[in-house]
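Chain lettering (A, B, C and D) follows the sequence in which the chains are written, and residue indices restart at 1 in each chain.
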Amino acid sequence: MSFPLLTVTAALPAVGAVATAAVPAAKRTAAKWLALVFSLATLVLAAVVLVRFDPDGARYQLTESHAWISDFGVRYELGVDGIGAALMALTALLIPFVIGAGWHDADPDPSPSSSSRGDPNVRGSAAVDTSRWRPTQGFFALILAVEAMVLVSFAATDVFLFYIFFEAMLIPMYFLIGGFGDRAHAAGEEEGAKQRSYAAVKFLLYNLAGGLIMLAAVIGLFVVSSDSLGEGTFSLPELLRARADGELTMSTSTERLLFLGFFVAFAIKAPLWPLHTWLPNAMGEATAPIAVLITAVVDKVGTFAMLRFCLGLFPNASEWATPVVLGLALVSVLYGALLAVGQRDIKRLVAYASISHFGFIILGIFAMTSQGQGGATLYMVFHGISTAALMLVAGFLISRRGSRLIADYGGVQKVAPVLAGTFLVGGLATLSLPGLAPFVSEFLVLVGTYSRYPVVGIIATAGIILAALYVLVLYQRTMTGPVRKPEIERMPDLKVRELAVVAPLVALLVLLGVFPKPLSEIVNPAVEHTLSDVQKKDPKPQHPVADHADPSAWFDYKPAGHGGGDHE
Amino acid sequence: MIGLLVGVPLLGAAVLLCGGRRLDRSGHWLGTLLAAASFAIGAVLFFSMLGEDAEHRAMHSKLFSWVPVEGFQADVAFQLDQLSMTFVLLITGVGTLIHLYSVGYMEHDPGRRRFFGYLNLFLAAMLLLVLADNYLLLYVGWEGVGLASYLLIGFWQHKPTAATAAKKAFLVNRVGDAGLAIAIFLMFTTFGTFAFAPVLSSAGEASEGKLTAIGLMLLLAACGKSAQVPLQSWLGDAMEGPTPVSALIHAATMVTAGVYLITRSGAVFNGAPDAQLVVVVVGAVTLLFGALVGCAKDDIKKALAGSTMSQIGYMILAAGLGPIGYAFAIMHLVTHGFFKAGLFLGAGSVMHGMNDEVDMRRYGGLRKYMPVTFVTFGLGYLAIIGFPGLSGFFSKDQIIEAAFAKGGTEGWILGAVTLLGAAITAYYMTRVMLMTFFGEERWRKAATPSPDRPDVEPAAETRGEHAEPHPHESPKIMTIPMIVLAFGSVFAGGLFKAGESFVNWLEPVTAFEHGHSPVSAATVTTATVVALVIGVGAAWFQYGRKPVPAVAPRGNLLTRAARRDLLQDDFNHVVLVSGGTHLTRSLVYVDHKVVDGAVNGTAATFGGLSGRLRRLQNGFARSYAVSMFGGAAVLIAATLLMRAV
Amino acid sequence: MTGMTDVASTGGGPGASGIPSLWTVAAEAGDKLQAPSIEYGKLSPVLIVLGAAALGVLIDAFAPRKVRYSAQLFVTLAGLAAAFAAVIGLAASGVGTTKAQIAGMGALAIDGPTLFLQGTLLLVGIVGAFTFAERRLEPAANGSRVDSFAAQPAAVPGGEGEQQAVKAGWTTTEVFPLLMFAVGGMLLFPAANDLLTLFIALEVFSLPLYLLCALARRRRLLSQEAAVKYFLLGAFSSAFLLFGTALLYGYAGTVNYSAIARVVSGADATSDPVLADTTGNDALLLIGGALVVMGLLFKVGAVPFHMWTPDVYQGAPTPVTGFMAAATKVAAFGALLRLLYVVLPGLRWDWRPVMWGVAILTMLGGAVVAITQTDIKRLLAYSSIAHAGFLLAGVIATSEDGISSVLFYLGAYSFVTLGAFAVVTLVRDAGGEATHLSKWAGLGRRSPLLAAVFAVFLLAFAGIPLTSGFAGKFAVFKAAAEGGAGALVVVGVIASAIAAFFYLRVIVLMFFSEPQADGPSVAVPSVMTTSAIALGVVVTVVLGVAPQYFLDLAGQAGVFVR
Amino acid sequence: MSPINYVYLAALLFTIGAAGVLIRRNAIVVFMCIELMLNAANLTLVAFSRMHGNLDGQIMAFFVMVVAAAEVVVGLAIIVMLYRARHSASVDDASLMKL
């Protein structure tokens, strides 16, 4: 048994969460630094995972396996394929930025009496003793807890183990959404608190409902596997092997029902139209770093799980459902984009944009081509980074002005050019500008989709036009134009901490946009495995060019005019 | 070496944009220097290319594998052949000149460093576009220039009009980009690759339907980038950008990328006559469209923009003719690059001296105050109208000839259209010339800023009050580029024509066939000249003989329509903008009320149900007993029933 | 009358008529009186508890007031602990598995489920005793600390006598013997192997509970009302149970479980053709079975026999509510399991569809009505109803897995419940416990730790992974699915989703709402309540994270002796 | 007369008792109705005991009587307590807790 790298990677933030939560109330800053250090250490470990992962090696690597709940056939089984490794890295990468960006988000109000929170009389009275209330510690501890749970989800090769963390991560997320909102709320503090808790409850109920449906399917899977294999198991490699060998059989309707149970849960998490309405609320009400955590990290578990579990365990049902899923994904792409255009709230706009992007990811997954799924995987990573960049800058912007409404801005570029510039880069990444990372993935998804479903691919391409629309409208309304409001005139540019958060993300966007090869090489074999699970092969081109990799072919090429090019 | 061509300006952009305020004082020179360096590299490559024989001039260099996914290989690799070389020289050459010009033009602008950063970015992207060895990398450059164009049009972001124009340009271009993307999908599914060499060399194997589809999608892309009907609407608004930008991007280089794309993909179009026909039609329509718009505009830059559209229409038309036209399309592209850039720089120079006034009705008689500008502008003018002996004459004449050579009815129609276009070109350019440099000095009466530009731009404020302008010649740093370009406008055409040198140069890449025109070359030339004279004469009758009214007359229906860009924006507004607004608004409503409403409705249903069921719990022990008794009865009944069933 | 004489033993040997008739033996053997053989060792847990209860009565009667509290507490805890030790000893000696047997002349079955449930009940009793004995929450009166129970239960609420008693700081200690009697009855309940014992055990644990409900120190009117309702409805339901017993007796001629089962399965055909219209009459069997089951469903709080639950839970003193909610459910489900698995397996196809209906109604009904509750105790009451539904799903599985999953669930659930109600006792304002939900607003800010603990309990109720609630729910649903009740699982899942809503509402209130100015304060409890809560948390987390050991335990215990 | 008629009588008594519980308000009367139900069960037991020819049912009847007596002790105590607090023994008056 080698060193349990994955366990340690996932456990480190959990330990960090406990440690952070234990910091005394007065030492807020220490808690922040502690959390940051833990998240960075996790990042290092995740990088080690990525490095130690051998693309040419076994399908699941760095595996660990221990008995856990044998009554339920549950084992503590971890292992990463390329997709899991990449997403673990993404998670570990983003958390330090989330922490850095949210550095002051959970500070207690500096002066309770002057603050708009609640009735000053109430705040001032000694009856309310909140000295033991440690929001800052809680905030960072919860973030680390989410990280730990997400990491386990990405590494779990046991369906049950995955399910447990898939569900459990809702709880810290719930507190993060409901407990920590923006300082100022457009609708007033009372109303803001109400909307926040509405958003949190909606988030949790929606996802919990999905999770519970999945629970029914998980139980069903156990029953099916114990019927077929004699002993129920949740081990993914074991199930896949049994499926491939024909030992594990299930009736068509059973497979479809189980698939639906899993898929609905993931589609809610992802989120796929029409199960998306929790996302705008949650992202709108949460602070920007938490919104990033939701869309860039937690939601990825949904799409990841579609790829790993839905396709792997229920290939026939996946194929059966493909037309509908593609249809819904297509609707998501266009619907999300159109609604993003119609938003008046910056964060909700980004949320709808994310819905559109998740549509692309799901499109890529269910296109069942190497390009589509490879693109979808890259998309998950790149969308995480690009949304983080856009949303975090938006958060900085919002924290300066205290409003989420687009109409409250205008002309920021003039007073805060660096802020505007980074915002623009984030926006351009969101609209998949070539040269930035998301372009690569989006193009792959589109190519992959097109090559099997041309009409779907073409309609989805309209999404990139709409993406330009909502990003540029957002930029135009917030950043350009004359400065008309005094609040904006006084707006400071990005501070060092903020720049330190944004700059690496921007750099990564560019770097991965130009040179995504290391990542795609890690991902490719996993995608091939998944495709072989569903027994799909890429459609062949009609007129394949024999050796297109050889650039010298160019030199043999003679332009052929009507007359063969001979004009003399 | 080829990579350096792209890398040098890219480095410049990176340094200038990330460098911060430290570079505010020297940044513009750095930018200019790097542009020049890029030109120098291009020149070196050009001469080394000349050293090879025609068949082996193409160079290829692969930097790294970009996106390797199973079955999908995209490399960052460059290919430099004669066609690319032509563009490289044009881009870096004109680009360097315009950098130089901008040093003067943007002297007082606080965002100068940023401006040069964007310019360098543009150069890099444009070079990437023409140097890419596959369509995907070309796509990168394609959108890259779109980005640069967006940034530069919206350079004065504080002006809402500029910001809107920038956004519009990007969006319209995106539509075209989508076409390019779909073209790439088609190539990938047809050929399994999208690198130039394999796609083009095996284009013949694919079915005509496929090729037509690819061709049409490429045309869509070209329409977006080159402002061809129906995606032409952004170009006029793009004139909100600083004038050097208009000269470089929206006249000389970027807008001609569509021509490059079609020419580059010649092998595809050659196999798809239907697509070619559409290309030709688009070119012809745009040719007339742009010309008409150019006739009606009083804004000097917008008039020139219309002209650009029209001239690119010529090029697209020529490119649509197939091997008989590719070379001429490119030739006209290059000459147009010279004279149109020169014209724009001249316009910029005029504006520079006129407090950024753009309304030609407030110009007049400026030749005395700006002699250098007048001369260079005049030479450009002569070139564009095709005055015999100057650049435009040679290149345009060839296109008209090739249009006739298309053959059949089509050929006649195209020939007529091109001739008509030549006449209109002469008309509107003469109009510009007369309104600007001749006639009475109307600016003396007009001391207020033009009504259609209500927003005061700080750049103008720094240059002086909006009092009566004091026209003056621009500084040397601005006039020198104009002079150089004027030389190009005069001589380039002749140089290219001499010994068919240009055609021979391009032939290995684009192939060439002599068209067989039903009318002789001399006849065509004569007709062209006649058209020219008619156009000039008409303009002189209208604007030269009598004073130009300072307020535009109402004009006839066509004029009014042309002033509004032939109602294209109205169309867009009604169909796309308000339609889209309604669509998004109703979708927002639907999302809130229907999709979300279903969720909240479910919650409310349970809540209501709960409230109702709750009332059963009425506190009376006896009613609880009733429930138990009833329950027991049901339990018994059900058990008995189960047995009965 | 021949059948009476030839019955020689309970074993039902080859010569016997097959209808063992214990009572007959006792009555018949007048001249040659044989002492019945009683396995005292196997019955020791029950005997210890009942003995301690009797001792408690004596203490209350004779010990001086000053030592009563500590003496009672000592006797109670010692009794419970000793009984628990006895259970462990029995389990260790294999009584739960290989040496399971019918004891007490056929009256009791000492087997795996019995021992598991007895162990659980005794632990619940210990924790319950802790909360009963808590004397730090109420403000001290006249220098003496007082508990949650009425100073002078006989006094008229609000009357002069009561005010004096309160002022004087009186306390009563009869709650401990009452608790012990209730525990004793509960220990018997799941072990009961004939219908008479079932009925007696039911009454033995119910009667003390009726009284305990009436003993609240504050809000005595509510407390008394709860007691009246509980008593009347409880007696009503036991009348049904008894009548059902009578009918089953009429059907089988015996009340012994396995004997009835044999008649049901047709192994023992009735010998006398005269009795053809009674013995073996399926109508008697079905009606009698339904009535007995109904009596048990009343105790577990299944819809539509649940309506006493919210009122009683709300009115009873909170420590009693906690104990009752946990222990009654454990005992009643134990009895229900034994009845359905041992007596009525032959009727499976008759009772399963009916129980399906009850389970579905219970799950959905409990969850839906809980949504709009405003009192935390009522909310928990409805929650307990929903949980009864989940448990019924496991009961319906009719498999060994079904038994063990229900056992596990009961263990998990009871500690969460105890902990949750213990937390409720701590949140107080001037009028005693602040049970209205609006008072809980912002509790997370005032005392984050307590709120966090309560949140853990709520999450466990909601069945969030990594809590015992999830493991239990998974076990039950898994058993149900394997038992062919997949649709029930789906309903259960839907009900869980609905239930999650109201658990979350409380969490929202505690953490996301601003504290009220006149909000409650959190009392600092003694080590007893603290340990009750701590034990709840520990069990919740341990059973959530590493449930395997306990699943094994429940799995081994999953066989009924017949 | 066949003993089965006693069973029918018992069923009738049981129903009367149950109906009384549902109809009557006075807690004492309600409680007496419950006693009636218990006694109906007793009658059933005895009748069946007779029919089966074993004594189990009769013995059980004794147990039930004892239990009923215990129930009376507890029940009357609770009801009296209620009466003292409210000066009414109506079960419908005890309806503070609802919904």
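Observations, loosely collected:
The rule is short, and it goes like this: a contact is a pair of C-beta atoms (placed from the backbone, for glycine too) under 8 Å apart; a residue touches a chain by one contact, two chains touch by 3 or more.
Being a predicted model, the structure only gives us computed values, none of them experimental.
Greatest Cα centroid separation from chain C: this falls to B. Relative to the whole-protein C-alpha centroid, the nearest chain centroid is that of A.
For this structure, the chains sharing the highest number of C-beta contacts are A-B.
Distance between chain centres (mean CA atoms), chain C to chain D: 24 Å. Put simply, the C-alpha centre of chain A and that of chain B have 36 angstrom between them.
Here the CA centre of chain B is 80 Å from the CA centre of chain C.
Remark: chain B and chain D have CA centroids separated by 96 Å (rounded to whole angstrom).
The multi-chain contact residues of chain B, meaning those touching 2 or more other chains, are 603, 614, 617, 619, 621, 625. Shared contact sites, meaning residues of chain C that touch two or more other chains, fall at 228-229, 232, 236, 240, 310-311, 501. Annotation for chain A: residues 205 touch two or more other chains. Contact between chains, using the touch rule, shows up for A-B, A-C, B-C, B-D, C-D.
Chain contact summary for the complex, chain B toward chain A: residues 17, 56, 58, 60, 62, 64-73, 76-77, 79, 114, 133, 136, 139-140, 142-144, 147, 150, 154, 157-160, 162-164, 166-167, 170-171, 174-175, 177-178, 181-182, 184-185, 188-193, 195-202, 204-207, 210, 266-267, 270, 322-323, 455, 507-514, 580, 583-585, 587-588, 591, 595-596, 598-599, 603. Contact residues on chain D toward chain B in their complex (touch as defined above): 18, 21-23, 25, 30, 91-92, 94-99. Across the interface of their complex, chain D is touched by residues 1-4, 19, 21-24, 26-28, 153-154, 156-157, 196, 199-200, 203, 207, 210-211, 214, 220-222, 224-229, 231-232, 235-236, 239-240, 242-243, 245-247, 249-250, 253-255, 272, 275, 277-279, 310-311, 314-315, 378 of chain C. By the touch rule above, chain C contacts chain A in their complex via residues 442, 444-449, 459, 462-466, 470-471, 474-475, 477-478, 481-482, 486, 489-490, 493-494, 496-497, 500-501, 504-505, 507-508, 511-515, 517-519, 546-548, 551-552, 555. In the complex of the two chains, the chain B residues touching chain D come out as 614-615, 617-622, 625-626, 629.
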